[in-house]
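The data blocks that follow each hold one structure.
Paired with subunit B in one complex and with subunit C in the other, subunit A is shared by the two complexes that follow.
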Partner chain A sequence: MNKKIVKLKIKRQDKPDAQTYWQEFTIPYKERLNVIACLQDIQRNPTTQSGESVNPVTWDCNCLEEVCGSCTMLINGKVRQACTALIDSLEQPVLLEPMSKFPVVRDLQVDRSRMFENLKKVKAWVEIDGTHDIGEGPIMSDKVRAQRYALSECMSCGCCLEACPQFSLTNNFMGAATFSQVRLFNLHPSGSMLKEERLDAVMGEGGITDCGNAQVCVEVCPKSIPLTESIADIGRQTTLQTLKNIFVK
Partner chain B sequence: MDQRTRDKIHYLILKTHSLTGLIPVGAFLVLHFSINSLRTVGVWPYQISIDIINNLPFLMWIEVGFIIIPILFHSLVGFYIYFSGKPNPFRYNYPHNWMYTLQRLSGVVVFAFLIYHLATTVVPKVLYGNTQFEAAPYLIHVMNQEFKSWDGRIIYAIGIMAATFHFSSGLWGFCISWGILIGRRAQTNAGYIFALFGLVLTIMGLATVLEFSLHPVGVEATQPG
Partner chain C sequence: MPKRKKKIIVIGGGLTGLSLAMKICERNAEVVIVSYQSLKRSHSVCAQGGINAAIDARNEGDSPENHFYDTIKGGDFLAHQPLVRDMCYQAPAIIHLLDRIGVAFNRTGEGHLEFRRFGGTLYSRTAFAGATTGQQLVYALDEQVRRFQHDGAVKTLEWHEYLGAVLDSQGICRGAVLQDLRTNTVFTLAGDAVVLATGGPGQVYVRSTNSTVNTGAAATMAYLQGARYGNGEFIQIHPTAIPGPDKLRLMSESARGEGGRLWVPRNAGDARPPKSIPDSGRNYFLEEKFPLFGNLVPRDVASREIHDIVYNQNLGIAGEPMVYLDLTHKSKDYLEDRLGGIIDIYKKFTGEDPKDVPMKIFPAVHYSMGGLWTDYETDGNGMIEHGSPRNQATSIPGLYAGGEADYQYHGANRLGANSLLSCIYTGLMMCRGIFTYIENQDKSVDDIPSTTFGDSRNHWESRLNEIKAMKGSENPYQLHRDLGDIMMGNVLIVRENKKLEKTIREIDDIKTRFKDVNCVDSTDWANPTPSFINQLYCMIELSRVITKGALMRDEFRGAHYKPEFDLKQPSKFDPHEYIDYLEKKNYGEVSEDAFPEGHLEYMKRFEANNDNWLKSTIAEYKNNKPEISYEPVDTSIVTPRPRKYD
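Presenting the complex of A and B:
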């Protein structure tokens, strides 16, 4: 491989619903380059390999340390964060595509508001006060604290949804990230006050029953969140809730 | 229909789909394979078992209520599930993703096989009135004919393997979606147990095919009394 240059092939789209097209770019090689640095290089001099001057490539990024999740895209066909995708460990030309399960805003930038809408549907928060002060919450054991910490690392990057064969642009499947947040907040001693409402939100079209157990989510999760355990646990919680709804209520 | 009712129906249908795979469809599969494997110890034990089944009271109701309707329901919802997902095991090449893909494909294969299997056994049996003690000679004759050619042997081998895979892998999926297996280690360990279980069922099925192919024996109807 020629170490002097880096070849990139980028899928472009000028606006939502516009035709997509590929463009190739070549930039000078530097040590320890990541994909974001390459995109910044292209931004400084947006000229394709064939010398054509084009609009700079648009992408999302923020933290640059794999904590915010905003630079998620398909790199060489697989979903991951561009900030931690190092050129030295990638095959060239490096193929960059926007995520395919979210509407494209422009180029590599996608609209992931569906994830936020789902978090709202399942009330992924701890209710602290209502019309009155509800006081101090119960104590949480350290074991639960540790378990919740792992789940709380979710940055809503959408990798699990992009790789999921059940999640598509057109259906309303909630996906692993949402179910894991239901588990996170149901595990919280005060958060569990909304447990039934959360379970109710995932017991319908696009809910927990639509999971097909392909378990790709847990393989691609950059934060190694035990997503399949979360899905199984929500499976248990909803099963018990169903029995309660039928035989107790 | 409002969204809330739709949600409830959707949830219950998919949950029932998962349950019917185990009871009664899966349970029937195990029973069916166990009884058929009696053929490997001899044609006589096999014939008595067919006699017992075909002389059960309310047989038609049992067959329709506990076998045909649950299988049809499971298949119908299965096809809905089949078309709701888009497998991607080549892009995301992980063992469980392949299992997901094969689970869907095997379901379709089993469905196609079942149409063939029913059309060549139960349907003509009922149609020609070969019931009670007449069922065994008729069915054994049909199977002897089936396994004379490689076509029949291959069709049955594929059908058997698709069914045992679909059932043992589906059992694992059932345990996860109903929340019986939660931890990663629990899922892995149970996976091995279900794989072994599936292997045993496959051996039982293929041994029966082998016995029919090697030793086709015709029988006379049992004389009661």
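Presenting the complex of A and C:
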């Protein structure tokens, strides 16, 4: 492989309803480059490999250290964060495409507001009486804390949804990230007070029963969130809830 | 005051903006939150190590008063004391609130909050959620805001950019000019007050520990519209980050709080792998020089020492500007549990595991102690009058600021884990005062003629159109890099007047080149380039504020180190001698032999220097330039004295 240059092939789209097209770029190689550094290089010299001046490629990013979830895209066909995609470990030309399960805004930018709408549907929060000083929070064992922490690292990046065979642009499947958040809040002593409402929300359309258990979601999660466990656990919780609904209602 | 609900526009969805929005909703007013990106992706998610509160969970004798003193001393006495004191007293309640809303803070055996040590204090005062505390706090507050969104009390305008304030004929802020970052349309939003919770300006240096949106443009625009900017020259350089071509990724101070040690090989040429260098061949330079605080000296001190080891003593690893940050003596499980977040970052970017090999790190631009000048009112007992409309008010009426965007909590150097606290404290605290401000207005925003809004919109529309029409030869993204290189070269850890003078001329050159910018994208859908060019303009203006402030401040205080003005503290000096000296002075002439040799002279130098420089720097934009003046700092609670950490 030529170590002096980096070749990129980028799928572009000017507007949501516009045609897509590919462009190729060559940039000088530097040590420890990641995909975002390459895109920044293109901003400084927006010229394709064939010498044509073009608009710089647009993409989303912020933290550059894989905690904000902004820069998710398909890199050589695999969904992941661009900031931690190091050029030294990628085959060239590096293929960049926007995620396919969310509407494209422009180039590599997509609109993931659906993820946040789902968080509303399942009431992914703890109801509190107010923000005034009413003393300490609930006592919680560090074991439960550790379990919750692992789930609460979800940065809503959307990798698990992109990879999921059930999740598509047009249906309303909630996806693994949402189920996992239900588990997170049901694990919290005061959060669990909304447990039943949350379970009802994932028992409806697009909910947990639509999950085919293909388990690809867990393989692509950059934060190693135990999604399969969450899906199984929420499956159990909803089964119990169904029984309860039958007997209590 | 209008009969309808109060309407407040909050710019920024980091910790400051989120906590304020939550409070406003709770008090039954309307809030619009504006942010470049989804709130959940704000820069605050980067914070790793933790948040301070003197809960004294470990029975070490800690108290809010100690927290207050450490913060003031850490900031080299440049912070306004009543505010800091109030913040430290509110801190325990803030942590409990965060715990109640579900933050996964690490816990003790009994299930209470666990605390760890951080820099600049001898107490375990830092609550933490692994090494991703900022992320966990943002998520929890974002969830609370989402809860109110669900109830319809809050409107979020994500993917929107704040361009400037709408000012009426009397200079009162009546709303905000925004740009939809997808449709690229410009519009105004009327509000009873506008709050800038827009974070810090790390991008002025290009490479820093900050996120890419941290251009400081919103605060700078307020300065360009007439707001005062305080202490701009105080930029914190964090001692431990991974060097890199695009970003300098932070390795949190919590690594040292959990026992991490800084060292270099004792002999300059020692090329052995770090693990095979025995203790006798290692120079634990902070532990040797500061036996009391060791690796947990404040950041300004640690960064200067690393700079000295690397550049003056030429002891950097293999001759490179790097030193070791060593955690390998701790158990792997412990490290994964407490520091997993940063260990992953180090592994992902360098390919090495800090649990097995010492990390290689170097200082990096991290935080701005300076920011928009904001006001406050005390209750006469050293605490803050929480309902005062002056709290967190900028010098433009109706425009407020908080979090990293303001200037008043951290003096000349911020202590670790105090920023998350000041962000949430200001967010929660300022709400009441803003309400009072709105209630006191004799003319409401509803009475302002629509032309005021129309004019503001037209101004910004034509400004962006002018930018789009720029077809010069300078690439704006390259020009930004060049600005960053200049700032990085000369306005960093060690500052010299000759270099600062040169920097001012170099920034002027950048300003000239700016006129010849080429707007490389002139399309009208989701086009980020015109915005960026406008932000670049702001960064150039802010770099002038920072550099001019640094040039004019002829002293050494906190993060602002000018070797030429180092007062050279005698090595055996005890800060209490200074209090003693002040007391003795009250009774007349102090004789030489009342103190060890050289100490009296040093104390007189210290006193004279404080008379000259214990002042806040205020920059105002006049005649197209920053005009600098100074104003007194409120030191009414503890007497400023020399800092010492050994």
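The working rule: the second predicted complex is superposed on the first by the 239 of 249 C-alpha atoms of A that agree within 3 Å, B and C clash if a C-alpha of one lies under 4 Å from a C-alpha of the other, contacts with A are read in each partner's own complex, and residues count from 1 in each chain.
Basically, a contact is a pair of C-beta atoms (placed from the backbone, for glycine too) under 8 Å apart; a residue touches a chain by one contact, two chains touch by 3 or more.
These numbers were taken from a predicted model, which means no experiment stands behind them.
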Task: Kindly classify A:23 by the partners it touches after superposition: subunit B alone (first), subunit C alone (second), both, or neither?
output: neither
Message: Looking only at subunit A, is it subunit B or subunit C that touches more of its residues?
response: C
- request: Name the contact category of A:69: first (subunit B only), second (subunit C only), both, or neither.
  value: second
Message: On the A-aligned overlay, A:13 touches which partner chain: subunit B = first, subunit C = second, or both, or neither?
response: neither
Task: Determine, under the contact definition given at the top, whether A:77 touches first (subunit B), second (subunit C), both, or neither.
output: first
Message: I'd like to check the shared interface: which positions of subunit A are touched by both subunit B and subunit C across the two complexes?
response: none
Of subunit B, residues touching subunit A in the complex: 3-4, 6-8, 10-11, 14-15, 18, 81, 84-88, 91-92, 94, 96-97, 99-101, 103-104, 172-173, 176-184, 187
Query: Where on subunit A does subunit C make contact in their complex?
result: 14-15, 30-34, 36-37, 40, 43-46, 55-56, 58, 60-70, 84, 86, 105-106, 109, 112-113, 116, 119-120, 123-128, 130-131, 133-142, 145-146, 148-149, 152-153, 155-156, 185, 188, 190-191
- request: State the interface residues of subunit A toward subunit B in the complex, per the touch definition above.
  value: 77-78, 163, 165-166, 168, 171, 203-205, 207-216, 219-220, 226, 228-229, 231-240, 242
Touching residues on subunit C, where the partner in the complex is subunit A: 22-23, 26, 37-38, 40-43, 45-46, 93, 96-97, 99-102, 104-112, 114, 129-130, 132, 135-136, 139-140, 143-144, 146-147, 149-150, 158, 182, 211-213, 244-247, 249, 337, 341, 344-345, 348-349, 428, 475, 477-478, 481, 520-521, 523, 525-529
